[in-house]
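In what comes next, subunit A is part of two complexes: it sits with subunit B in the first one and with subunit C in the second one.
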Partner chain A sequence: MGVNNKEMNYTINLFGITREIVGVSQYQLTLDSPANVTTLLGHLKEEFPALKQIKSLLVAVNSEYANPEQAILPSDEIALIPPVSGG
Partner chain B sequence: MKASSWYATKRLLCLDINNMLTNKEKQRYQKHLLLSKIGEVGQEKLKAASVLIVGAGGLGCPVLLYLAAAGVGKIGLIDKDSVDLSNLQRQVLYSINDIGQAKVAVAAQKLQALNDSIELVPIQENLHAENAQAYIQQYDLVVDCTDNFSTRYLINDFCVQLNKPFVYGAIHEFEGQVSVFNFTNAAGVQGPTYRCLFPEQPSELEIPNCATNGVLGILPGALGMYQANEVVKVITGIGTVLSGELLMLDLLENTSQKIRVKRRPDAETLIFPVHETPTPSHCEITMLPAEISVEELAIKLDEKEDLFLLDVRNMNEYEICHLENALLIPMNTIPEHIENIPKDKPVIVYCHHGMRSASVIRYLQQNHGYTNLTNLVGGIHAWAVEIDETMEVYQ
Partner chain C sequence: MILISDTPIDIQACIDSVQSERAGAIDVFIGTVRNHNKSKAVVRLEFETYDVMAVKKMTELANEARKRWDIEKVAMVHRKGVLDIGDVAVVIAVSTPHRAASFEACQWLIDTLKQVVPIWKKEIYEDGQEWLEAHP
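And now, the complex of A and B:
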C-alpha cells in the first residue's frame, strides 16, 4: 500500500449539494500519490471550486467519520456528506 | 442530567398516579400494550414524557401526528409560519380551509381532536437565541424539524448546554438525514452532537433549502416517521437509539447508509461560537459585508485617507505580519472590545484570507449596529502577494 508514482483510483459517493456540484452521484478520482482525507478534498475542491464554499463537509471512509489526516486507500468506500437544511 | 438518571427520574414519575393509564387510554393504546417491549410500563413512560417539536412543516407534521397518536403526554409545537397553499403538497396536517392561519393553532386543534388525553402547547414564534433556553428546558427532549441552519445550530447548542437529547431530521430533494444527537445511553456514554459532524454553521447561501430547491412531498413523511420512531425509542428505552450514527436515506434508489460518528472530546466547547450569530427570523439571507480589494486599500492609504484598520487574527499571526497602525483584536475577543471599534469613521476589517473578518463584520452589524465596516478581500495574504512583496506569507 502507499506505493508512489503509481496511479490510484478512488471512488467517491456524493450526497446532497455535493452531488449537484459534481453532477454525478459517484465520482472517480485518479491520483498519482497516496491520499488522506485532506489531500483528497483538496483535489476535489480544485476540480470543483464550488465545493470550497461549503464550510463543513463530512467525509466518511468505510461508513465511518474520517479525520482530516486519515489515510485513504483506493479500496475504501468514500462518501462526501454535506449538511442539509430542509425540513 | 445524564440519560441514565433521566431514565431513573422518568421511572419514578411513572409511579406517579397521574401517569397511570385510564381505562379509556388502555383501550386507545391497546396495540402498544400488546407489545411486550412497550406494554403498560412503556405507555406510561410515553404519557409522562414531554417533547418539544421545533417546526410544524414537512417533517413536523408526521412527527406531530404520530407522537400525538402514540400518546406522548405533553407536546410543545413551535413555529411562526402560517399555512400557505404551497405547503399542502407535503404538510399533511393542513387543508385548504386553513390557508392563512397559524400552523401551530391549526395543528394543535387537529391533534387534540385525534387525541384528547394529551396536552398540546402551541407556540406561534420562531425559536431564537432569546427564547430557546426557556422553552427547551421545559421538555425532556427536542425534535428538530426546522428548515434552516441557524435554528438547527441553535437547537444543538442549547440542547448541549441544557443536556437534552434531540432527534434530528433534514431533507434535500429526494434524500434525507436522521440521527439522535447529544444522547447519553444507559451505560452513560454520550453520543455525538450535530457539531461533531458539521462543526461550522453554513450560511443559507452556500446550501440551498426547500424554499429555493424542490423536495419530494413524500420525503419529509418518510424521514418524519424515522424521527417519531426514535422519539418513542428514547422515551421507552426499547431498541437501539440512532445515536452515534447518521442514517442517510435516498428515496429514488431506496438506499440507506449509516455513518458512524463519535462524540468529539471538545463537543461542549464547540457550542455558541462567537463568530456565528443565529438570525432571529428564519430563512433570512444574511447581509453580505461591503468589500474592498487590496489594490483599492493601497490607494486609499497612499492618499492618507482616515481609515481605521482592524486585525481580527490571533496574536501569533499578527506578530508574523500586519498592516501598519492596525489594531489587533482577535476574533474570539471581539465581544469584550466593542468600545475599541469606532463607529464614526470607515473601518477596514481583515484577517488571513477574509473569512474571519467577514464573520466579525456580520456579528458587529447584527448585534452592535455597525454600518461603517468593510471587509478586505483576500486578507493579509492578498496584501502580501499583491502589494507588499517584503511581507512574510504564512500558511
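And now, the complex of A and C:
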C-alpha cells in the first residue's frame, strides 16, 4: 500500500438479519478509496456473501434512504436496511 | 406522541395525547401479536428497531398525513424487544374533526409504516425462527 493511500473508515450500523449475518451491530469497514452506496454494498456483500441472499438491501445515510450513486463520507451515519417488517 | 418503546404501550396515554376540542373523532389502530403465521405456530416475536430513523420516518408520515387529511393530532408508538402472544406491538391514534378522515388517515399510517419505517420482526416458532420478509 503506497504512502499516498488514505484509508477511509466507515461504521456500518446493522439490524435484524444483517446484524445476525455480520455478527455485530456495528461493523467497521476500511476502504482505500471513497465509497458510494453501491460500492459500499459491493464490499460488504463480498465479505459477507449471505447478504446477497436477502430480498432487498437498502442503505440509509444519516437516517435517510440513500440512492445507489450517493457518496458516503466516513463521518456519515450509515445503516443497512433489509426488508422492513414492523406493525 | 411519536416514539419507539421498550416497555408495554400505554394505549390510553396514546388516546389522551390526541384529544382535541376540535376533534369529533379519534380512530385507534392497535396491532397485536398473533399466535400463527402461514400455518406456523408462533411462540413469541422480537422487534428490532433503528430508533433514530424510525422516529424520523414516523414523524414524516404524520406530517404527510396532515397534508392529506384534516387532522388534529397523531400518535404513533411502536414496541421493540421481546413480545408475547397478545401483546400490543403498535398503536396509532388519529383525531380529526370528522370521522371519515380519521379512518382513512389511520389506515394509511399503519400501511405506510409497515413499508418504510426501519423496524424488523423476528418470529420465534417451536422449532426455529425467521426474520420476516428477509428472503425471496
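We adopt the following convention: the second predicted complex is superposed on the first by the 79 of 87 C-alpha atoms of A that agree within 3 Å, B and C clash if a C-alpha of one lies under 4 Å from a C-alpha of the other, contacts with A are read in each partner's own complex, and residues count from 1 in each chain.
Assume contacts are C-beta pairs under 8 Å (C-beta built on N, C-alpha and C of every residue); 3 or more make two chains touch, one makes a residue touch a chain.
This one's a predicted model, so the numbers in the text were calculated from it and none came from an experiment.
J.: Return first, second, both or neither, reflecting whether A:86 touches subunit B, subunit C, both chains, or no partner chain.
T.: both
J.: Figure out whether A:15 sits in contact with subunit B (first) or subunit C (second), or with both, or with neither.
T.: Both subunit B and subunit C are touched by A:15.
J.: In the overlaid three-chain picture, which partner chain does A:60 touch, first (subunit B) or second (subunit C), both, or neither?
T.: both
J.: Give one of first, second, both or neither to describe whether A:42 is in contact with subunit B, with subunit C, with both, or with none.
T.: neither
J.: What part of subunit A is shared between its subunit B contacts and its subunit C contacts?
T.: 15-17, 53-55, 60, 63-65, 79, 81-87
J.: Taking the touch rule as given, give the residues of subunit A at its contact with subunit B in the complex, in rising order.
T.: Contact set of subunit A toward subunit B: 15-17, 53-56, 58, 60, 63-65, 79, 81-87.
J.: Which residues of subunit A touch subunit C once you look at their complex with the stated criterion?
T.: Touching subunit C from subunit A are residues 13, 15-17, 19-20, 53-55, 60, 63-65, 77, 79, 81-87.
J.: Could you list, by residue number, the parts of subunit B that touch subunit A in their complex?
T.: 55, 57-60, 144-149, 152, 169-172, 175-177, 196-202, 204, 206-210, 213, 215, 220, 246, 248, 257-262
J.: Which bits of subunit C are touching subunit A when the two form their complex?
T.: 31, 47-50, 52-54, 56-57, 78, 89-90, 110, 113-122, 131-136
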